[in-house]
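Here subunit A shows up in two complexes: once beside subunit B, once beside subunit C.
Entry: the complex of A and B
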């Protein structure tokens, strides 16, 4: 079976496979590729223009093909990956030479658009929503220094994907870089389709409650991370820059803050810290105060809470969990749903359900306030992953408060602090400040 | 395989710990806030059969009524509370108790037992205020119930420092009463109240409490001076000779004490900063100062004489002799030394400003 037949056999289930013969100078050449990735007529035209412009007219086929592209071994194993990448294979059947040409490709990407999951007030509003090369191009525009390094890897055996490792050579700690590179090299056979697989590859803690990565759509955030000596990963077809390691200050700080006056920048960050504290502590505090330690409350407040809890059949713990779960459902639903249906869910969930739950005496008025405050506060955090960890910690505090009251709340806070203190990613403690590189005076 | 086994064991261990959590707590006897009654005031009187009668003033948490007054008689206070709790739909929780009111007869007979009981029991905050009712408690509480149209915690607000409290009112907590019983050198004053005619509560001055027993009474002007002595007189107003009123802004006390021939001597210096609020006639600043100093000195002197006679050291002057007397001698402070104490108070006032008065 010759190469042409075996290729046809291999791609027989792919309708977009083509194999046409064209004439280049004096040779009949087979052009092989995938219709969906290659603009065939334009590519053929370009090949013919190139060959007709050659001064020397009688070249051996190997020489000719070498001018047009990169020579490859004429066997299935080496050709198929190139075809899958969207390359064009030229095969001269008489001599058996074969080359892979970079064709004019079909345009399967859009133009650069505005970010969709993160919003900016003052700052560049382009985003990483495109294919990997465009994304790196965008990043390069933000990071114009010469020290930016982009290493390309192809990871995975069944579905190879290109994985880009980006860092600034003069900012990153050498140990961090070396350990990451070593992990990637050792794990190149693993598929990297999503973040969990990337975690696997890098040997990070899979069960961590704090996020190992920060993902951002905003090129300025990625550039800022590079400046701080962090590493940015880009996976093909994953429209986010994945920043490693993730530190606690990433919850509160982002690059756009530097576009505010300095005082406001610090005040806004303080506000985010307060937001995290409110989001984690307040529901637990409510449970502790209402069911176990009401003596902490001022008398007037105690009386008004008792008044609003009049006729509520459930203990505070059940009541809080009930409404919190409804809130989580609303949140999850409004993330999943298309933008046109989202507001309906918000309205039904927020207004109708909240109001009805109070009138039906299922929950108290105060709880509605507490939970609304909690939900809003947990959204002040930078980055969706960080907001998720804040949401998780809240439940630990609620459970401990329901059992041990104020003491449990306090113990829970200590436990959370200890847990965060214990977390490390690639040898960098989660609670460390972003002074991975001392040379940068604009850290934080 | 080995790793998997470790994970499994860890998982089982964690599961066991989680399962045990409910058993190590007291979470089965938790009552939510709406299932507790939060009495603000407790009234205690003695019946003719020498039993306690306890009144509880419970602000209502529903819209229809504002205050609930329950009472019960019994031999011990805890038993009475328990009995009330049994008969009510909610559990009586004394953690929010703010004021304990006893009637005058009971106070004269001695309250040592109940104060020790309060201080020992963990349900009642030792910060709870103490007051003495000038009238019978039945009358007092029924008046309160009649007047509590809008809010169930009038009395609480009356004593609340950022609501109704004035420096003319004594401010004594249970722990201070307890200290007065067990200390050789410390006695206290306790406000005397009754239900008022136009206002809800009227203050009748203060009772002098020695060893948990009411021994005498002082007026509200004298209470202000006593509070000045304790350093709590800020914003108290003093009227001089029916013509001028000054407001105390701050005060500072210094003491000098010594023993000579087994007789204690104490010289105190009270520095007051005042501001003039209003003035009739044409007194000069010097005159105001002189008269104010004379007035305060004479009031304090009078009060001192009175307490000396009753051997109740409400100014805690004995504290200044703790390094001159040994513990055996201190035991006799009230009986032996205090009546012989040579005490001179010197008052200096500084008129900080004349308020809004252009000419005096």
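Entry: the complex of A and C
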């Protein structure tokens, strides 16, 4: 069975496989590839233009093909990966020479557009997209220094994916880089289709409540992270830069803040910190004040709260948990739903459910305010994955507050602080300062 | 990760802040009738000297573990010297847990049983000690950031009901310094003793800087004064002496009309409790580290669990407040030993070590 037949046999279940014969100079050449990835007519036209422009007209097939592309062994094992990548294979059957050509490819990526999960006010509004090379191109536009290094790996055996490790050589700590490189090399056989698999590969804590990676759609954030001595991962078909390690200040700071006047930048960051504190503490505080320590409040306020809860039949703990879970459901649903249905859910959740729950004496008026404030505040942090961490922590505080009141609330805060103090990724504590690089700008 | 010495200093300050405002004022009130600042200054000066000697001794001995430093002199010396430390920290944890849970019940958890609060205190201390010193050091920084503002806020407002005439007489005309030998005064040394012992067990990743430690120590001096003088200026000695927790009573008198909350005590108390949690964690960690040195064949985690359960069992076995007072009286010798002898020995061994090192460099 010759190569043509065995290729046809291999790709018989792939309708987009083609094998056509064209004439290049004096040779009949087979052109092989995948229709879905290659723009065939344009590629053939380009090949013919290239050959017709050659000065020497009688080249042996091997030399001719070498001019057009990269020679490969004419066997299945070496050709198939090239075809899968979207290359075009030229085969001269008489001499058995074979080469892989970069064709004019079908456009399967969208153009650079505005970010969809992160929004910017003052800042570049281009975002990463699925194609890894475009991503790196965009990033290079933001990091024009010569120290930017891009290492390419192909990870996984069943569905290989390209994984790019990007860092700034003069910024990153050598130990951090070496440990990451060693982990990647050791785990190259593992598939990296999603973040959990990347965590697996790097040996990070899979059950952590704080995120190990920061993901960003915004090239300026990725460039900023590189400046700080962090590494950025890019996975093909993944429209995010994955920044490692993630530190506590990443919750509050982003690159675009620097486009505000300095005073406002600090005020905005302070606001985000307050937002996180409110989001984690307030529901627990409500439970503690209403059910265990009402004497802390001013008498008038305590009375008015008691009045609003008069007909609510169950303890504050159940009341809060009930509404919080409904809120989580609304949040999750509005992420899942198409944009056209989203507003309906918001309306049903916000107006109908909220109003009805109060009228039916299921929850108190105050609780609606508390939880609305909480939900809004928890979204002030930078990065969706950080918002998820914040959402989780408040439940610990609610449970402890329901048992120990204000003391429980405090104990919960201390536990969260201790937990954050204990977290590390790749040996770098979560509570470190944002700049990891040893070299200082001022003293070189 | 910390090379500047800030973390060690912060842990030191935080641990003491968690102790100063609770038991210290009432002990000092029962020890002295007037001229309290003399007592505070004397014990503070001793504390500062002890701290300085301890830190210097550690640094001269090339930042080694305090157990190794004592071990360099003789094989059984660390056993002999550190066994009292082990005992002292055990009792210190029990007293702290018991006293604080009593206070918490008093202030705002009247219907919660004591054992439940003790369980909460010890489990959080356990959690912190489990994570190790580096994590606790980072946690302490976070706690300082979160809780300093409420503490300062309340301290500023607690001058509201102050009557400055209570400051007088500044000096007792018949001052005889006989208070120095009073058991109550020796009990009040609780806040000065042992709080800095953990410095000798720090992992190499956390460095100690003498300058920053002494700065931290300086920061504590106004706190010692405030903890005694705020109640004194608000109530006068005769009344303040009657309270079990004079500082909390003082803050309970504060009334801020524009605040949402009626009792600012709770914020003060809670912020200080956060620091006290760290003190408990650090002390438990010191206990485990020492115990691990004593019995190296038992895994550290097993030791920690055993210690936690043991301490919890003892602390719920203490029947009442008077019993606790007696217990505090019993450990006075141990406390003085921790306070004065251990820093002195460390200083001497460190000094010897330095001289030996100097001589070897001279010879070569």
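Everything that follows uses one rule, which is that the second predicted complex is superposed on the first by the 436 of 444 C-alpha atoms of A that agree within 3 Å, B and C clash if a C-alpha of one lies under 4 Å from a C-alpha of the other, contacts with A are read in each partner's own complex, and residues count from 1 in each chain.
Going forward, a contact is a pair of C-beta atoms (placed from the backbone, for glycine too) under 8 Å apart; a residue touches a chain by one contact, two chains touch by 3 or more.
Note that this is a predicted model, so its numbers are computed, not measured.
Superposition of the two structures on subunit A leaves subunit B and subunit C fitting side by side, clash-free.
Once the two complexes are laid over each other on the shared chain, residue contacts for A:369 go to neither subunit B nor subunit C. When the two structures are aligned on the shared chain, A:316 is found in touch with subunit B, with no touch to subunit C. In the overlay built on the shared chain, the residue A:270 is in contact with neither subunit B nor subunit C. Once chain A of one complex is fitted onto chain A of the other, the partner contacts of A:406 are limited to subunit C, with no touch recorded for subunit B. Applying the stated contact rule after C-alpha superposition, one finds that A:292 touches each of subunit B and subunit C. After overlaying the two complexes on the shared chain, residue contacts for A:306 are found with subunit B alone; subunit C is out of touch. Legend: residue contacts after superposition of the two complexes on their common chain; A:352 is shown touching neither subunit B nor subunit C.
When the two structures are aligned on the shared chain, A:20 is found in touch with neither subunit B nor subunit C.
Which of subunit B and subunit C touches more residues of subunit A is settled by the count: it is C.
Closest CA pair between subunit B and subunit C after superposition: 5 Å apart.
Residues 292, 295, 299, 403-404 of subunit A are contacted both by subunit B in one complex and by subunit C in the other.
Those residues of subunit C lying in contact with subunit A across their complex are 1, 104, 108-109, 112, 116-117, 120, 124, 127-128, 131, 134-139, 141-143, 146, 259-263, 266, 270, 273-274, 277-278, 281.
On subunit A, the positions that touch subunit B within their shared complex are 289-292, 294-295, 299-300, 302-303, 305-307, 309-312, 315-316, 402-404.
Across the complex, subunit A is touched by residues 21-22, 25, 27, 30-34, 36, 38, 40, 59, 61-63, 93, 95-96, 98, 125, 152-153, 156 of subunit B.
Across the complex, subunit C is touched by residues 277, 292-293, 295-299, 301, 403-411, 413-415, 417-418, 420-422, 429, 431-432 of subunit A.
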